[in-house]
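Note that chain A is present in both complexes that follow, paired respectively with chain B and with chain C.
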Partner chain A sequence: MTTLKQPFRGRTDFLPSSGYRLLPFRLNRLRERQDHYVITNDVGEHVLLSKLELEDFVDHRLGTTTALYRRLKSKHFLFDERSRVAIDLLALKYRSRVARVAEFTALHMFVVTLRCDHSCHYCQVSRQSEDRANFDMTPSHAEKALALVFRSPARHLKIEFQGGEPLLNFPLVRHIVERAEALNREHGRDLRFVIASNLSRLTDDVLGFCKDHGIELSTSLDGPADLHDAQRPTKDGSSHARVMDAVRRARAMLGDQSVSALMTTTPAALERVEEIVDEYVAAGFRSIFLRSLSPYGFAARSLIRRYNVQDWITFFKRGLQHILDLNRRGYAMREEYTTVLLQKLFSPTGSGYVDLQSPAGMGIGGIVYNYDGAVYASDEGRMLAEMGDTSFKLGHLDEDSYKSMMTGDALLGPLEATVLESVPMCADCAFQPCCGADPVFHQATQGDWVGHKALSAFCEKQTAVLEFLVALLEDDAFARRTLLGWL
Partner chain B sequence: MLISLSNGVRPLAVCSDHPFVARVSENSKLGDDEKRVTALLLRSPDATSEILPEGYRAYLFQYESTEKLRDSYVLPTTLHYLQEGDVIRVDPIRRRVRALYRRASTANFFLVTERCDNFCLMCSQPPRQQNDDWLVDELLRVIPLVDKTTTSLGITGGEPGLLGPRLIELVRAIRDALPRTALHILSNGRAFSDLPFARDLSAIRHGDLMVGIPLYSDLAEEHDYIVQAAGAFDQTVRGILNLKSEGVRVEVRVVIHGDTVERLPELAAFLARNLTFVDHVALMGLELTGFAKTNLNELWVDPVDYVTQLEEAVRTLRHARVPMSIYNHQLCVLPSALRGFARKSISDWKNTYAPECSECDVRDECGGMFASSSIRKSRGISPLREGAPQ
Partner chain C sequence: MSNGKRAFSLHPDRIDLALDASVYSTIAVQKAGYRLARRCSLVIECLAENELRGTLLLPQGTTEAHAREVAADFFRELSDQQLRERIQEETKGIRELVLAHAFSKTDLINRQ
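So, the complex of A and B:
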């Protein structure tokens, strides 16, 4: 280094001279990398280091000019006499991340009918029925639900139409959209709509309506035709062909990014992740959601028994590597679950993904208005109810007020229990800032909202995927650049 | 950054005994109020066959004259660029005329003090620690003379924040006189670590105000070394936080040089994570003047040698959706993927082009280089050909 002439002072004049102090952090030993640890601070910034480095760090033995010292200081794992602003910045970052809790219930799911023309093996919330009277939402319930939508303080509101197959009750969809827009003229929220549909009934009439009202479409694509059609049976067995055709028409009318798709991992899918991803590429999708099976419903339970969480983790890793390979070859493709976790690691505001929140996203992230007027704290909560466990029913549109549902024990109980800072094992886990609580999962598998994380497939999956991601980010420069591009 | 193309003027008659400011005009039929603040510009004898009207603050001749009106001067040819609407300072004692505002320029900056509490290794305008309160007094007289349609003005130093309440007074005067003019204050931000001061600036409710604040590292010790002031990093960061929390727009300015280039990616990540809410980040090439010249060996890095760090910094800021631009870089030294972020940022009165630039197809889109940069030139300077492989 060159020596500066007077009157300039040298670098050493500005180095911290005395010791440093630790800022709050958590650590996990990596399972697949001996003697290495990932440490995170309260806002999800992370550093990977060896056991020796970790010991030097906590024992205050790090030299102030070492690369590790600088890395840890920059990411607010320590501070020294040179600068105290780290504490203000950490506080600000923490506030930014938790600010979304005050903006509660952005997602409002309307189950406009339970009827469906598909009989998917993993689904517990549909009926093969023509009985509109018993399985369609009534306009009066829709009206009451809409009143609740606008009680939410969230500035951004999303109404998602669910089923069953919501397009089997399209007149109600139309009615709700028009009413919501009319009500919103007074409320002035950022209001968006999405229809979660198998798209088998995507008529030009529906498309025209979607175009006029800026409605997005979300559909299911389980992979190649044989796999998709085996898992998503219809009377004529043409679900795959129909969805591909519908996606094409929707894109032509609404734009390339108007349709998103997700898949469900069944035992039959486990060995075929590359084919599944390739099917998405062939259909022109730029993103895929590699989704594990949820243990709700008897059929799903029997399916899930045929593979364990390790199988799914292997499936996921293979899938993600394949997606990275596609990117390497020049096809920009993204995995949505990974994106959520990356946002939690790198974005100042984290991620709003309902299923990974602390406290749990139920009720305050999303809420479900069921076809029969019952209100559930989450989509999984209503699925559990179909199996007879109504723990997550907040009330009924005809009987209960907004206040009683949002402040009742059915919601506040699980919310209080799922603040991760106070959950056994989560409290000490380095991945806590990137994780969330899933009380419905633990209720279904262990009989209580919290569960024992050592026995939790949810925890196993989260830990494995996050370890995999932080190692990828560290080891593979191309993967790092690609993954950060998904933010 | 003051427009400093000054040169000796020659008095023709009795002169004022102190410096004064005036607006330049060729209009000899102004009303009395306007005359008192106007220097009448006379370009040729033909245009002024009649007797000159009395009452103008000064008379500036671009030709020889025998005029005896008070404050009549002959301008040297170096001042023939003066135009209608420019605002000048006339210093009869030193026989100087200086343009303080040029109507045709898009980069008018007012120097409000030469004092500074930083002492940056690469300062292009080295500070002077002396009382210069008169600068603000003068500017308060200049502002009413500035053209109302001016799109933007800058305030620079030294460190404007050191003026304290006088800065607030100045900004308020600018808002009142020039409500449609954007105002950019270049400050090290330290003074705004005092929340009430940030609040005072915000309370002016200037409609189009931005404070440009340099941050050179994610680490206090690095930033403090570069600005040669212990504790500056904390004050600057707090200043940014205070201004943003009070609703004042902030631009973070990063000068890329030998002491900042290594941690540029870390600095970008720090900004993306901690100061995501800033309104703009400018990644700036070094201007080889002032202290940058003194410390040239430590500071000079050829831009073609920091492309990797620059690309990563740009990627990080872009992913975080922080609005960002690259300043002071010639298009040819940037990889094609970064050229879209480059702005023509070098002030119109100090930019220049290399001889090879005459062969370049994108010269008009390029900001060129600082006139001062001839002492070091990037190896990357070469004409770009449209359609040619990069």
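So, the complex of A and C:
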């Protein structure tokens, strides 16, 4: 039988004799509404309330017939003698939210080449080179990486081809897809493929292969032609025209939802968010990912110095308001980062987005097999390695076993140190259930995995975006309906 | 949220604090100082009976108006931290019960 630790007591000890009892929750004072608080519990439920209401609630003075009492009770912030299943429901919801951890590594990124025909200002990992021998993944490394893919117990596996530009090494993409499918006949997983590509080499041959194997495409579209081409230069300056043409051809052959796109916010993009969103609409996209610049790589760092996190937050808020306006006018469009946060707020199982997990998604959510056989805990980890910091290198396909890489200090160290429940500030933060540990970001910006959250741009960004979303959900009925429709 | 005795005095380079230790816990004071790390550094100097003394060190060139703002934000934050402590204490047993119950039917608990 299971032995309970000494401090555990029987269930009846927790029944309220009269009035109500508090269930565990966390609180944050809203920065833009000083007399209001958002409270959340471990299963992600949230309620916005005034300081006076919070005081009444905590001091057990809340009237049992008030709407707030019913709201707090229904969302598991309190229970009373009429609550028959409060503990059971909370436990069930908690178990659902953390079940993903046991699922283990679902996303496997193959960097099939570092070669690229673009020289994007914010990219540090690509090479404009014809040197296949030095910058392409070998079939032997691909085979070893595939063996690791199926060591993961995950029922759902996604293989994502990254670069450089992966279509410059399409023969290897083809080989990996066919080998993975062959291996999966024995393993029986839900196996999916994505090619993250600038689409400049999207031939009919490639499209035919994608159609035959159900491969999705993910591309970059930074906005209108002048902005996109300035940020994503090619020899002939035709990146925008090529990507628009490729998107049209891909949709015609693979279906309307076969291509997704994301953008990167540079200083030049800051004032143009409405134009960027409108470009997505003109191209027929139904979603956009308003993505901040990551502080990896020297070029990205020089760009990021030209704007601060508050600039990006303003950009994001304007962009989201514009997207909501589009919805108001009848064009169904969603923002992907918001969707991830909403899933974490409202979905019983949260979100699988690897950058917002606790424990962190590195290694146990996603893993990178680099072109040279090195294995990294995350895509950002390999970018950091390009700057000389190999903290997140788990090992090498030729030298290290699955066991040594997945139980080594390079992975377990940052995972254990950054679990949000034990991190200063995060442990008490109301937004903890919607947030995640980001050891690579804090290593890059503060030199340690945990980072001081009062000084963290990641924390500032998360807090501002979540406060904005919570206020929208509370204050704007149309926004609430629309946002909940994105789940 | 709490009405404990609290006193502070402003200086050009620091804010001296004297807090009622029966109302504010050391951990709440530390957490409040941690959150304000961008604007000041907290030093807890001594813990006399029922009095917690500390200093918020201010960056060079801080104006008096800004120092007052830091002090106000510190005490606002301290109230929140103290409230968090209270909630955590009151709900600690329930949190453990929920977690134990959540995993009770999995094979993750060592069975004897």
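We adopt the following convention: the second predicted complex is superposed on the first by the 469 of 487 C-alpha atoms of A that agree within 3 Å, B and C clash if a C-alpha of one lies under 4 Å from a C-alpha of the other, contacts with A are read in each partner's own complex, and residues count from 1 in each chain.
One rule holds for everything that comes next: a residue touches a chain if its C-beta (ideal position, glycine included) is under 8 Å from a C-beta of that chain, and two chains touch if they have at least 3 such contacts.
Remember, it's a predicted structure, so these values are computed and weren't measured experimentally.
A.B. asks: Is A:G485 touching the first partner chain B, the second partner chain C, both, or neither of them?
C.D. replies: Only chain B; A:G485 stays clear of chain C.
A.B. asks: One more residue to check, A:P24. First (chain B), second (chain C), both or neither?
C.D. replies: Second partner only, chain C.
A.B. asks: In the overlaid three-chain picture, which partner chain does A:R82 touch, first (chain B) or second (chain C), both, or neither?
C.D. replies: A:R82: touches chain B, not chain C.
A.B. asks: Classify the contacts of A:V58 with the two partner chains as first (chain B alone), second (chain C alone), both, or neither.
C.D. replies: second
A.B. asks: In the superposed arrangement, does A:L92 touch chain B (first), chain C (second), both or neither?
C.D. replies: In the superposition, A:L92 contacts both chain B and chain C.
A.B. asks: Looking at the overlay, does A:D42 come into contact with chain B only (first), chain C only (second), both, or neither?
C.D. replies: Second partner only, chain C.
A.B. asks: Quick check on the superposed pair: does A:G284 touch chain B, chain C, both, or neither? Answer first, second, both or neither.
C.D. replies: neither
A.B. asks: Just chain B (first), just chain C (second), both, or neither: which does A:G208 touch?
C.D. replies: neither
A.B. asks: Please report the chain A residues shared by its interface with chain B and its interface with chain C.
C.D. replies: In chain A, residues 1-2, 4, 7-9, 11, 13-14, 88, 92 are touched by chain B and also by chain C.
A.B. asks: Please give the residue numbers of chain A that touch chain C in the complex, ascending.
C.D. replies: Touch residues, chain A against chain C: 1-4, 7-9, 11, 13-14, 21-27, 29, 34, 42, 51, 54-55, 58, 87-88, 90-92, 94-95, 98, 102, 424-425, 428, 452, 454-455.
A.B. asks: Of all residues in chain C, which touch chain A in the complex?
C.D. replies: So the residues of chain C in touch with chain A come to 1, 31, 34-38, 76, 80-81, 83-84, 86-88, 90-104, 106, 108-109, 111-112.
A.B. asks: For the complex, which residues does chain B have touching chain A?
C.D. replies: Listed in rising order, the residues are 119, 121, 218-222, 224-225, 228, 230, 233-234, 237-238, 241, 263, 266, 269-270, 272-274, 276, 294-295, 297-298, 315-316, 319-320.
A.B. asks: Spell out the residues on chain A that touch chain B in their complex, using ranges where they run on.
C.D. replies: 1-2, 4-5, 7-9, 11, 13-16, 45, 64, 70-71, 73-74, 82-85, 88-89, 92-93, 346-348, 481, 484-485, 487
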